[in-house]
Amino acid sequence: MNYKSDIEIAQACTMEPITRIAQKAGIDDRYLEQYGKYKAKINYSLLSENDAPDGKLILVTAINPTPAGEGKTTTIGLADALQRAGKKVVAALREPSLGPIFGVKGGAAGGGYSQVVPMEDINLHFTGDFHAISTANNLLAALIDNHIYQGNKLNIDPRRITWRRCMDMNDRQLRSVVDGLGGKSNGTPREDGYDITAASEIMAVLCLADDIDDLKARLSRLVVGYTYGKASEQKPVTAGDLHAEGAMCALLKDALKPNLVQTLEHTPAIVHGGPFANIAHGCNSVTATRMALKLGDYCVTEAGFGADLGAEKFLDIKCRMAGLTPNAVVVVASVRALKHSGGVSLGELDQENLEALERGLPNLLKHVSNIRDVFHLPCVVAVNAFPSDTGAELQLLQQKCRELGVNAVISEVWAKGGEGGAALAREVIRLCEEDNSGFTVTVRNLKVSAGAGFIVALIGEIMTMPGLPKCPAAENIDIDRSGRISGLF
Amino acid sequence: MNYKSDIEIAQACTMEPITRIAQKAGIDDRYLEQYGKYKAKINYSLLSENDAPDGKLILVTAINPTPAGEGKTTTIGLADALQRAGKKVVAALREPSLGPIFGVKGGAAGGGYSQVVPMEDINLHFTGDFHAISTANNLLAALIDNHIYQGNKLNIDPRRITWRRCMDMNDRQLRSVVDGLGGKSNGTPREDGYDITAASEIMAVLCLADDIDDLKARLSRLVVGYTYGKASEQKPVTAGDLHAEGAMCALLKDALKPNLVQTLEHTPAIVHGGPFANIAHGCNSVTATRMALKLGDYCVTEAGFGADLGAEKFLDIKCRMAGLTPNAVVVVASVRALKHSGGVSLGELDQENLEALERGLPNLLKHVSNIRDVFHLPCVVAVNAFPSDTGAELQLLQQKCRELGVNAVISEVWAKGGEGGAALAREVIRLCEEDNSGFTVTVRNLKVSAGAGFIVALIGEIMTMPGLPKCPAAENIDIDRSGRISGLF
Amino acid sequence: MNYKSDIEIAQACTMEPITRIAQKAGIDDRYLEQYGKYKAKINYSLLSENDAPDGKLILVTAINPTPAGEGKTTTIGLADALQRAGKKVVAALREPSLGPIFGVKGGAAGGGYSQVVPMEDINLHFTGDFHAISTANNLLAALIDNHIYQGNKLNIDPRRITWRRCMDMNDRQLRSVVDGLGGKSNGTPREDGYDITAASEIMAVLCLADDIDDLKARLSRLVVGYTYGKASEQKPVTAGDLHAEGAMCALLKDALKPNLVQTLEHTPAIVHGGPFANIAHGCNSVTATRMALKLGDYCVTEAGFGADLGAEKFLDIKCRMAGLTPNAVVVVASVRALKHSGGVSLGELDQENLEALERGLPNLLKHVSNIRDVFHLPCVVAVNAFPSDTGAELQLLQQKCRELGVNAVISEVWAKGGEGGAALAREVIRLCEEDNSGFTVTVRNLKVSAGAGFIVALIGEIMTMPGLPKCPAAENIDIDRSGRISGLF
Amino acid sequence: MNYKSDIEIAQACTMEPITRIAQKAGIDDRYLEQYGKYKAKINYSLLSENDAPDGKLILVTAINPTPAGEGKTTTIGLADALQRAGKKVVAALREPSLGPIFGVKGGAAGGGYSQVVPMEDINLHFTGDFHAISTANNLLAALIDNHIYQGNKLNIDPRRITWRRCMDMNDRQLRSVVDGLGGKSNGTPREDGYDITAASEIMAVLCLADDIDDLKARLSRLVVGYTYGKASEQKPVTAGDLHAEGAMCALLKDALKPNLVQTLEHTPAIVHGGPFANIAHGCNSVTATRMALKLGDYCVTEAGFGADLGAEKFLDIKCRMAGLTPNAVVVVASVRALKHSGGVSLGELDQENLEALERGLPNLLKHVSNIRDVFHLPCVVAVNAFPSDTGAELQLLQQKCRELGVNAVISEVWAKGGEGGAALAREVIRLCEEDNSGFTVTVRNLKVSAGAGFIVALIGEIMTMPGLPKCPAAENIDIDRSGRISGLF
């Protein structure tokens, strides 16, 4: 077929200057810091100096872990559709990690006709937030080792350092290393390792911090290791003990400011924060979401992957900490995916198969009923349309949803952009304009004691440092003399 | 005494918007990419699309390796003085490495009343150039190890990989490491190490590249290691063999663009590229210097440290490769430093001592005569003034210089900014407006075969990865809730 | 109390020349190789050149893993008691590992008045068997790494080498290492580690080999690692592929010969082979047991630790491979140990407690019934006597055993040597002179495919390289100028 | 040609029982500890309990570092020749390291018809001396790491441990390692390495020790590393600080006793101690030499390699420490070797070339004159005969030596054993029966402060851990079912 690639679609877009997008979003120029012509940072003081009422919060989630970008595509497409419907809307999205870009082909700025742009910049260095986090993370590591080298007043046991270095790169070679080799002047030999930057606790901290003071306080609580001694005598050592929080915070001062870009249809999008979904809450920053709520009548945001994991984390961690309540939840599904869970092999997904669809449906319905009955939130199912879907299949899916009191609507945002999300937008607006039924999360700014403020339980299989595949995407990425990048996805 | 610190002076300055500075320098808006309100990148296409004649090139060098920033201070002060003298002037400077900022107290954006601003940003992430270089360097490293992991078609011998990883941090712990540990799925155990980003060959490449095509060609020639086999059978492996140059170049696309900031007196300053003086040519980028020459009537630039090392490298490497010819050379000296080389201890430098000064003078005179007689360039000595200098001492110094046919003038730029450099500016203008005497470096774009295109011979003692001191500056750096950074220097 | 230490008792013994002990055992001088005056090796050709009928095989086992040496003490004491009873008897024992001697206090040559001597020599280098095994093990390791270094014709994947180095030392520092560091001329960096020599597969191989040819064949089958490639393409690499078996076997030629020493009462004892009980069969060598059976009317031998583990391994591995059938099994127990399993704390073991004894007894009875009913072997319980045992307790223990058709007799060999084992010897003789009931293990020389010929499943917690304790016994070991060693235990 | 290999010649020899050799040497049975039928250890108490006068000391040295065994061959042949001349003679030789046996083909028990036997045993484990040294060395290493692991009371800096592990193996993979990996329970990560056992300081200590007390004192002085702290605060840590010397000495008790074997012609040979010539004194033990002097009228011994290095070390270190004075020095040379140093290529050595011989001769004459004029010792040149030597060449060589007052005699010991050394023996006897000229080394038992008592300056190129060659000798070594070893050399 003659599909255009994501990057071709993105490069064909005539972007509006970021100053225009900011105006559209109602951002005063004094809060804006341009990064080139199409990106900007928004000062977080906008939040404290603006007392407009919050808009509606729309949460997009999916039935299963899906290839990167799928949830994002629907989120972006819905935002464009709501804008077409005359609403003032701001999307709030995670920013992508640079490292994985060079691995398996696959973007993280949306897809098809539902993307944020400039997609090359967003996928590469963007405004440097990940670099700032890597640097703050590694400054702390350097201060730990330097402290030991310079006499080790705090009595840190080098074998019990828990703070790892990080790099924004898929690099399995760095998962487990011995550093400090080469003699006394090169530090102290010890076992160490690197995580990808998205997995750094500093990323989680940044996404939850309100402002500089809150960030600094969280940074100073980061536990980096333990002192020498028997189990009973060991004491935790923190970044604060090393007087590291000021310098780290200085490094993070700009990374704390949310980034403004636009969708292909010029809807304002705030793209900020990108913690690993499998080890942290996996959502964009609290500040970004709050800002989008403040600026738009509608704020559309995404929740990590999988309604079971992503939505729960969004609701349990981010909403509790930030005092947020979604006005509607969009659960993304597709007939093909449900038939696949119903037992149909990939090669036979093109044929109508109502039995398989029926076998696969509980997978979706369970998520929907969780949203409705556990979290008491209004809900709509967005069915990603494929040409092979038959009328009977779509009818079955819609009927089963309706039995739970939920509407299922067709979404064609990947192929058609905002236009393809018209039905979805209508249903979302309907849900938001109805009265909401007894959602009770009202805790506000629950304070927690260390760093990011939640416990991460690493289960065996989770890799915090990915590797590159046999044919790294990096080999096909190129840039011509005019600066035009190709092969990005 | 009641001296203000560098950062206090810098923060007291009311900067002009970077768009105004660009206008002053004659940079059309279409070449400008803002990074916040006071920094911008200038597209290198400005060079090829502008056929104005070059201005005068002034090279500032010093008699000895001096604390970071000294050469820079005179360069900046002279630029301000030339502006006060009514000249259209653009300074061209190296950008500082972020890593050392957290080590020994001491800045790299000039000092006193001769600084470039915003100094915090310039000293921290600036516009992300160093991060882009680190990432390109480490992407190449990840591709090497991934290639071996995925079957090693190129037959790379892991023990003969010469490409090291890098980080923009003073971190001795990383000088020598073993990575790839933890079993087969974590790569291949091998000895590896990190250099500070300024020492990466990519930094050198970036500083010499003309444009994207030239950069990509240089990147593809980078040698990363050798194949298995006896000495006679070994073949070098290049970044090109790994198809890495396209992705690396995409990462470097913005780093290739020179950065525009301003001095405290609003003189335009192009700050770009910062290779380690002790392993590379140690000057700012060729593109930055060429751009400053194109935009200003006067371009003032600095040459690494020490006239013996820095100026020679500037003249031998950068000028040959870029076809540049300085119109005047400023050699920075001070009475105190000369008395110190003449044998006076630090505690007794306040007392007049003509004998010691005479013993120390040959140190300066040798440099001066090199400039005059070997390179055949017009020369002036800038004497950094101190309150303890006596009239007799200054007279002796000036007389000895005059015997070589060179004037020595007092410079007070650290304490007074451009005003303190008036005499120096006058002498520089005089030298430039005279006819020059037979300088013969006319080689243009000498092509060389690999990467940066020169051989680096690492002598035992040179560290390519610094360490932090006992009391790292990082411990005193802080930022308040309004975003104001303190303790930077 | 005024107990003598083991080493004091051993040094007070006037040993007979080893030539006299050999005569007593009926070993022709041509089979004997002296190692000093009190140790000798016996050539294994004695076995093939001697067609005398086998004696009776007595297996000593214990109810629980006990401190090293406990099973050995009863074995030695029973041998001495049988000799006092007029029988021609030869004990067959494991030889101790040198490494653990320097760790926790505790010997491995028996205890009290039931020891083999010269105990210092037996506990230290003895006749060099462990050294020969270490050397053969490490020669193989050196040949593997040298093969890779010299071009790696076999295409061995350094990350998949399974052959570890070994050392006869408790040294936790060597459990996990990276070797081959320091540049190309020092080999290939890889993850490696050391086991204690007793855990080397070569020890297991040596203990099962019949003669030089059998040993060489087993050595050549040792798997040392795997070739490069996907799982499906990997091939195992053996010692035979490296042509290592000849040199390894040359190193082991003397280690293959059983060692002859004497008990404190001058009973001949063959001490040979000492594989780790927790990773191999844990018994002395097949050759040693066969030789003792050939030479004595009675051969008393021990089975690792714990009847459940040790006896089963003896019967399942060693007896099957070697075609051996015990004529009687001695299960060692004590009232104190049974009361302890019955819930009595260590401090209260001195008080009579019949209820606790009854609660602890099933532990013993289960073992006894296994021997009787699963393996169908005659059985006797040897009760290690302690002064605190009461008549009622002993009566209860004996009655419960009798109910299973097994006699329990008092053993005082630790305190009294052979005299203290008189009752045990009588019961053993009675069992052996009765007809045996249907023991059916008759498999002879079951051939297996690789090295030792059985699969070792290492479960998480098993350490194959022990560490030293806080106060290593080594600190108290000394030797005076006359060569007398003290502090050994 | 049909030459027999060394091992074939050795195995064809009918050895006499070692008890007979001991009788011949006048060693009372109470000092003898047999190791099999043809090896024995001699208790060092023989020395203190025997007041016979010392015999004559003959030192054999060579003009150049020669393949292992060359000096040994002449030493053994001369001993046999002296025995044929009716003298009571005892050879004193170094014992070979087991490790190199598996590397490049080449023995260390003499060659041709001048060997010590049983050569297989001597070349393999012999009487376990090297194993005892390895074990003592590695026990000390284990105690150091255990001390640190258990709380590090002595405050040892793991980065400043100078005590290395050792192994009697050519194994380049172990030269440089990181051990203590795998987490807190596996010790402390640190850089470490292995030397071959012959290079252990314990070998040097053992070769210089008089008795157990002296050995223990030397062991306790061994420096193993330094404490934490600035250079001025660091304190050396010794084996004595770790209470290691007692256990180490217990391990070395038998290794301290010299070993007795025989030559092919049944001359007694004491073979004991084998320190690396390139890092220690490189001679056999002082005890062995003293014992040979006490037992024989003539003691023939060898001095490392190269008269320049070996003889000087013998005379400067061993003779000074032990109070020994050679009565005659034999310098081994050959016409071929001298022609080769004179510029003749290997392929043309068969042709007479008097000019080349004359050019090569100064190499020999310088050594000879050193012996005569610096050390004032009687000297004879032994010319290793080759079929290609011409009369004119031999005449020239002899004439030049005679001009220095030294006789040069033909030696054919490799091809003919003792018979081939008749002329050499005659000259040696003549020199010894003359009066000696003013040799003044009379220092007796010079005491020194640490361990071996001399400073070892390791120069760059010296490897203390050899590697194996491309085709390790180990691949060709084999043993048949009768125990006969082949392929050893």
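Chains here go by letter, A, B, C and D, matching the order in which they are written, and residues are numbered from 1 within each.
Everything that follows uses one rule, which is that a contact is a pair of C-beta atoms (placed from the backbone, for glycine too) under 8 Å apart; a residue touches a chain by one contact, two chains touch by 3 or more.
Keep in mind it's a predicted model, so treat the numbers as computed, not measured.
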By label, the chains that touch chain A as well as chain B are none
Identify the chains in contact with chain C as well as chain D, in label order.
none
Please flag the chain sitting at the greatest distance from chain B, going by CA centroids.
C
Please compute the C-alpha centroid of chain A, do the same for chain D, then give the distance between them in whole Å.
71
Using the average of all C-alpha atoms in each chain as its centre, how far is it in Å between chain A and chain C?
61
Give me the residues of chain C that touch two or more other chains.
178, 181-182, 188
Does the chain-touch network form a line, ring, star, complete graph or other?
ring
Touching pairs here come out as A-B, A-D, B-C, C-D
Which stretch or stretches of chain A touch chain B in the complex?
33-37, 41, 98, 102, 120, 124-125, 128, 131-132, 135, 138-139, 141-143, 145-146, 149-151, 167-182, 185-188, 192, 211-213, 216, 242-244, 246-247, 249-251, 253-254, 467-470, 472-483, 485, 487-488
Can you list the chain D residues touching chain A in their complex?
157-160, 178, 181-184, 188-191
